[in-house]
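One structure is given here, and the rest of the page talks about it.
Going in written order, the chains are labelled A, B, C and D, and every chain counts its residues from 1.
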Amino acid sequence: MNVNILFFASLREALGVSSESLALPANVVSTGDLRDHLAARGEPWSVLAATKNLRVAVNQQMVGLDAAIKAGDEVAFFPPVTGG
Amino acid sequence: MNVNILFFASLREALGVSSESLALPANVVSTGDLRDHLAARGEPWSVLAATKNLRVAVNQQMVGLDAAIKAGDEVAFFPPVTGG
Amino acid sequence: MSVSVQEADFDVGAEIAALSAGREDVGAVASFVGLVRADKAAMEKLGDGDTAPNDATAVQAMTLEHYPGMTEKALDAIVAQAHGRWDVFGVRVIHRVGRLLPGDRIVFVAVASAHRGDAFAACEFIMDYLKTQAPFWKKEETPAGGNWVDARESDNEAAERWAPGQKSVRS
Amino acid sequence: MSVSVQEADFDVGAEIAALSAGREDVGAVASFVGLVRADKAAMEKLGDGDTAPNDATAVQAMTLEHYPGMTEKALDAIVAQAHGRWDVFGVRVIHRVGRLLPGDRIVFVAVASAHRGDAFAACEFIMDYLKTQAPFWKKEETPAGGNWVDARESDNEAAERWAPGQKSVRS
């Protein structure tokens, strides 16, 4: 199954990429699984595991790292927001 | 001793007067005494005794009905404020 | 010139902008505009219920009386209290007097600070104190005649929230 | 059109006036303007202390990044919560993105209601939730280089005040 993954702000800069489309292994079923799967690529991706208070959104809704993901989802990782 | 007395809003209308200069009897030494002294004149002045939550200011500072008054003071009676 | 009592209307955008003009330390400007409501008399009588206003008590106009001299002193004192209590850079208070129509602006309060918490708290504090401490009185014109607006207990309660030791005050 | 995310500046006075234009039931408009502070980086690092900012960390400019699509949804959801929680007639939220300079407006929130209590509470609620829920990120330019602004614990605490059962929430 394919998902579209987005990265913002300091994460985007650290990774040098703002989005990618990824075919997920069968064992990646949650946002936390996806974070771990990406972080396991090594530098610079390990920043995903090291980021304190990493935020994740699925289909533009903030969710926890235990949220389910399914084919076609848009999954975004980003640091805590600092607008306003 | 003389004081200048002011009335505002519904009190001013009920009394038909917005200010008067008054020579105080010796036994009128507080704002409460002055209120009672004026109210004792009978209608329409009794409104001063009948007004719920009557407010009083001496020299443009809100005070209680136990505040002392002295010659030359500006004493104002008015209903609770309703600005804003 | 942080306090004005005037018959004229005022420019809300210009007043808010003036509080941060030429500065780079203002991070927050909280402000408030109070307006004449047509349903005011009916609403006052009914408390804060949302029953439809009675036509006979619909407000057609409102006249604001004040105590010249004391008004400015009372507003200055309220602004001074706000400065003493929160970290604020500037405060602007404008209160209109005279005859106003529904939809007209009555009062304006704006507070500039580094942070929004101080700006919001000081702005709301000033409005709550103004409502109970500043010598203004409203007389409404309705089809049923003129009537002086009664003071609201909810305004006293709002002001009392700011007394020292009240838990509900955010600062 | 209660929510806008845009590069352009906005007209604070016109936005506030629009919330009561043509109506006679609006008694209160509470509003907030957030601006870029030159001392932001230094202040963030020091907490909310008032130590003079270090020149090396003085903010010369700030770039606001956001998550297009989600930003508008998040703001809409916050506005909907405010409507559900308080009696408000209208809400306007504008958040700028792109590169801004010290003194520039970043964010605007305004709420119209019959009464000031609802207007103030809803306005502050929206700002507090926007600060923690809406996907915007600030990157500052300083003489020492660019740095992403850290989220502040005080912003989380401000948002948590509005959770059900919190005593410190005024409504």
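Assume a residue touches a chain if its C-beta (ideal position, glycine included) is under 8 Å from a C-beta of that chain, and two chains touch if they have at least 3 such contacts.
Predicted model, so just to flag it, every value in this text is computed and none were measured.
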{"item": "Contact-graph distance - origin chain A, target chain D", "value": "1"}
{"item": "Identity of the chain that, by mean CA position, is farthest from chain D", "value": "B"}
{"item": "Whole-Å gap between the CA centroids of chain B and chain D", "value": "48"}
{"item": "For chain C paired with chain D, centre-to-centre distance based on mean C-alpha positions, whole Å", "value": "22"}
{"item": "Chain centre separation (chain B, chain C; CA means) in Å", "value": "26"}
{"item": "Residues of chain B whose C-beta touches two or more other chains", "value": "84"}
{"item": "Of all residues in chain C, the ones touching two or more other chains", "value": "34, 116, 127"}
{"item": "Interchain contacts, given as pairs of chains that touch", "value": "A-D, B-C, C-D"}
{"item": "Chain A - residues contacting chain D, complex", "value": "6, 8-10, 12-13, 53, 57, 60-62, 76, 78-84"}
{"item": "Sites on chain C touched by chain D in the complex", "value": "11-14, 16-17, 20, 22-40, 43, 48, 50, 87, 102-103, 114-117, 119-120, 123-124, 127, 154, 158, 161, 167-168, 170"}
{"item": "Complex contact set, residues of chain D against chain A", "value": "34, 64-67, 69-70, 73-74, 95, 106-107, 127, 130-139, 148-152, 155"}
